[in-house]
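Across the two complexes that follow, subunit A remains constant while its partner is subunit B and subsequently subunit C.
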Partner chain A sequence: MFYQAGLDIGSFMSKSVIIEGEKVLSYSILPSSGKFKNAAITVLNNALEKANLTFSDLKIIGATGLGASFIPYPYVESSEVSCQSRGIKFLFPSVNIVIEVGDQSTRVIKVTDKGKVADCVINDRCAAGSGRILQIIAKVLRINLEEMGALSVKSNNPVRFSTGCSVFAETEAISRIAEGARKEDIIAGLHQAMAIKIYSMIQKIKMEEVCAITGGGAKDIGLVKTIERVIKKELLVPEEPLISGAIGAALIAVEKSGILV
Partner chain B sequence: MFFAGIDIGSTITKVVVRNEKEIISTLIRPTGAEHRRMAHEAVLETLQKVNLGFEEVDYIIATGYGRINVPFADAQISEITCHMRGVNWIFPGVKTIIDVGGQDCKGIKVENGKMKNFIMNDKCAAGTGRFLEIIADTLGLALEDIGEISLRSKKPAEISKTCTIFAEQEILLRLSEGCAIEDILAGLHKALANRIYTMVGKIKIEKEVVLTGGGAKNQGLRKWLEEKIGYPVLVAEEPLLTGALGAAVLAQEKAGKMSDQDLAEMKKNRKLEAVTFFKEDSTSNPGA
Partner chain C sequence: MEQKKKKTSSAKTLQTAREAGNFGKRILASARLAAEEGKPVAWSMVDWWLGGTIAKAIGIELCYPENYGAFCAAVRKAEPFLDYAENDGVPNTTCGYARNGIGYTRRLKENNFIIPEDAPGGGMPKPLFLLGCGAVCDARYKWFQSMGRYMDVPVWTLEFPQTGVAEFFMPGYKEENIKFMVRELRSFVEFLEKLTGRKMDWDNLSERLDTTFKTHELAHKVDLLRKSVPSPAVNTDFWAIMIPHLYLPDDKEALAFYQRVYEEVKYKVDNKIGAIPNEKYRMAFAELPPWHTLGIFDEFAAKHGIAFAIESWNYHAPSPLPESEREGVNDPLELIARYSFHKFNEYTPTAQLNCMDPTIFTAPYLKWVEDYRIDGLFCHPLLSCRPATYTLMHLRNLLMEKCKVPSVVVEGDIVDLRVFNEEEAHVKIEAFIETMDHYREIRKKEGFEW
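Right after this comes the complex of A and B.
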């Protein structure tokens, strides 16, 4: 047995996991704050500390994410899509489709039985449907990101947004507040718009039996419930949705390097 | 006789007051949050500058996105028509107008002083002034300065994303790679110019081209647009005012078609008051 680490240095959050064999020993999550190198070092040290290990105990590091190139250690890099796919298969062996709602991008990935990528849709040209808008609106409404889900569920009159553009949605939300719209209705309307965008992405690769949701968006119960309603299907949600990519990075690194487990 | 045009845009309110021959007073101020009720104050302030009373104005036209909330206006006319007329008044040879506003971007084709074709983007923030606003914000710079700074670049950074949200992230990435701010800004302005050029190109860009709106004040955008188009574009002395100016020109035209009696009657019924879409606080009068 040996120890392996996975790092996922995202645009918004940095995540690390320590894995031994089939077991996740510890993990750590930190805001990247635009300083990818610092975030990578700290987030890895935190996870090592939690597992009572030191850097020299690690046999291999797998990494992914927008800021992975800033990691100062030797590592095996894999794409974000393949890491999510591998990570979610590890967490939910029955999964066929995973929806990842991240800060910058939303991805819908079709996963093979072995956890490889069969097909994938990414919104890489336009941020509509990505998690970034949740942060923007939370700021406009002066609430915490974590409170949004609970508020959204309370709404029975979601506001209709006229554009998918995350920038204009902010302007629109401000106008609606000025007209007296309630917070919960604005958030629910936003969730609705995101769910519709995500649904249109799923349709491109065809719906399958078992769906999971991961990434920061999966922590928003309002968004999860709205997507479930729109796609008429229940979603599997990991206990900690932020680390599925880091788990995948660690697992793929081992497979790629040919180390015998 | 005196005529007024008021253009309530998403970010800035503009007023132009004219006599039969020339512009005599103008005003530019932020539209603000609960902006529309300030419309009457903006008009009064513009008139005060030249010691004119409100009753002395013969015809008022409102335009822009907040035009329906100007109850004292004698007519409301779309900003596209007003823009076109204002630009045409300053540059009679204009064939293509590119208007880069705070919330949208428009292309207008003009033929013999009439609008021939029109294209607009108000669904995506890329290609609008909002893009520049957010970028200035991300870099911690003033909106007025970023165009100038971008001109200093010799090697524009590669900006691959058109989406404002993605561009914001790309800026942070380039910065952490050690890219100079002027190079990043030049890359962004170039990307914005490309995007606008592609959109307006759909209605065919023909000489003379006039650039208006807040975007016309940005030297960087102007330079990259000219590079794309292949010849210089014209910019009014105050590019923000063309909509209000067009409204004032149209006001003169409309007033010219009315009899003195009708004009006097119309003026009498004009109500100069604030509008609001906030519900007034009813607790101040509990008995009501």
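Right after this comes the complex of A and C.
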């Protein structure tokens, strides 16, 4: 049996997958909590345990993410963009474009038939387009991140965010609360602003037929629906959007090592 | 654990490139010495119209605020000058060189024109006048005018015509332009004579021109050698060796230096020695470099095998002026006009062939990607520079449409370190590797030669 592991040690969450052939046997997700080494060890052990395997069963480990360099095992490192590209192609073979809304950045990647990166636009200077802004506003509104999507879809009067900056957006959100705006409308307004930003990124690499969304932002149904409305296209959403990068890391590790599976 | 200190400057691959920085130091030292001896000193812009050569022929020593800006950035000492200019109301979207120059000038003035002790590289002495020019950039007018006001010294702006591709092919266009340029240069000579009380030394000017042509010809030959695979020299080498050909092309030492550069590069080509050990990808760089972080290109080379085979059109010496242009021209000013016209228009036929405008900052790259077998373009848009930025999107589209060459965009600034995100650059380049692979396959399928 050829068991491969993929680790995506992100700034916010750490993710691991165990793959055998074309099948994801197990996965694990937990907060990185600023302790990347501990997170990497624990998240890999959890996934191994779920798959009833031990570390010695693994033939190769692929890794990506901001905290990858803290992984204490030998691994093959790949870029986050390549991993998302390969991972999403594994999950949705027909996909041409993937939108990844992560904690630190949002990326729009054009994917080749083989799951490689044909083009990509990255918004990592400004938190306003990334998952970080969702966390900031959730804190302002004193709700859990997971509640945002459901609240957003209930809105019938989204507030208009006049700024593209997350710091100013926080101030704006506080002002809207003071004015009595509903939480639903504030969140929907935020989603609208993010969707417009993402749409402009997609336009830079030109729209394609099949689009998917992944990363933490893909778990927010309100954001997904708003992007769909703005780009006038249905989005494919993985069952577990957080693990697409880890899947890609595992697949690329095998490619790079030249091992025949 | 002890953290290894990250190197911000480039190690450079050519021995001659490592020595080129001495020319920059010499420019500053010569200007200070001249000032001490009571000789005339001026601050000049990059010498595209050879106005600096004319000034030198009359006995004026020059130093260059643009070069000084790049130097301050490279040693990471530009920020105090940028802040000082911004504190005086200069917007932070103004050219990085300009802000550095204005900040320095403000400090110089406030120090009663005694060079501040902590001035990087020893600093620039107060000039007798400022020599500006409108080539490629609009901030240049106002920047030099502003410094002129701070110091209460005259500013001369050399203004030459730059028109579109269609106009270039209009009958009589070239000769009319040459006539205009000669008139402008003659007025400049009159200005210098009046200002300094000296007479132009025309023989000295002709001799300097002759040396300039020879230096530039060698610089151009080095560019041609760089078409070789593997690339014998890379962008960080070029940005060092360009100092003598941009600022001192009329200097005998610069000519001798360029002979050595040529020999070093030729040796590497003949022996198939690449600038980087494992060249996998050949990239072009557009347009102005992040002077504060040139070491990042060494990291790209080590990590991904990227050789930047060609870069920055505006810094390159033009191809030699055809003999037909030189025949029967005895007036050195006309020769300068013809040469400058040649520099700014030599890629116009390429632009016409591709039905595009403008020529500068775009057309050269269309030729280069094929000649230098380029896999990808690194675009460095600057928030503070419209001329070197607004063409980039156009250029990216053209390269993709006509040559299937992809590009990656990393924003930054020539001088201002505060707007450059090194990590972002690494992330984008990592992702771009696969994109270059992808388009290599596409070019192969579509019958491109590289």
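Miscellaneous remarks
One rule holds in what follows: the second predicted complex is superposed on the first by the 261 of 261 C-alpha atoms of A that agree within 3 Å, B and C clash if a C-alpha of one lies under 4 Å from a C-alpha of the other, contacts with A are read in each partner's own complex, and residues count from 1 in each chain.
The definition used in the following text is that a residue touches a chain if its C-beta (ideal position, glycine included) is under 8 Å from a C-beta of that chain, and two chains touch if they have at least 3 such contacts.
This structure is a prediction, so every number in the text was calculated from the model and none was measured.
Look at subunit A after the overlay: subunit B and subunit C clash there. Contacts of A:F70 after superposition: subunit B is touched, whereas subunit C is not reached. For subunit A, the partner touching the most residues, choosing from subunit B and subunit C, is B.
Look at A:F55: by the touch rule set out above, it reaches neither subunit B nor subunit C. Judged by the touch definition given at the top, the superposed model places A:S85 against subunit C, while subunit B stays out of reach. Residue contacts after overlaying the shared chain place A:C120 against subunit C, while subunit B stays out of touching range. Of the two partner chains placed by superposition, only subunit B is touched by A:S11; subunit C is not. By the touch criterion defined above, A:F168 lies against subunit B but remains apart from subunit C after alignment on the C-alpha atoms of chain A.
Of the two partner chains, subunit B is the only one that A:A178 touches; subunit C does not reach it. In the superposition on chain A, contact of A:F36 is made with subunit B only, not with subunit C.
When the two complexes are overlaid on their common chain A, residue A:S130 makes contact with subunit B while staying clear of subunit C. With the shared chain A as the reference for superposition, subunit C clashes with subunit B in the stretch 200-208, and the other listed options (200-208, 236-244 or 272-280) are free of clashes.
Touching of subunit A by both subunit B and subunit C, each in its own complex, is seen for residues 124-125.
Residues 406, 411, 421, 424, 427-428, 430-435, 437-439 of subunit C are the ones touching subunit A in the complex. Touching subunit B in their complex are the following residues of subunit A: 11, 34-36, 66, 70, 104, 124-127, 130, 132, 163-168, 171, 174, 178-180. Those residues of subunit A that touch subunit C in the shared complex are 79-82, 85, 109, 112, 116-120, 122, 124-125.
Taken together, the subunit B residues at the contact with subunit A in this complex read 10, 33-34, 103, 122-125, 130-131, 134, 161-166, 169, 172-173, 175-176, 277-279.
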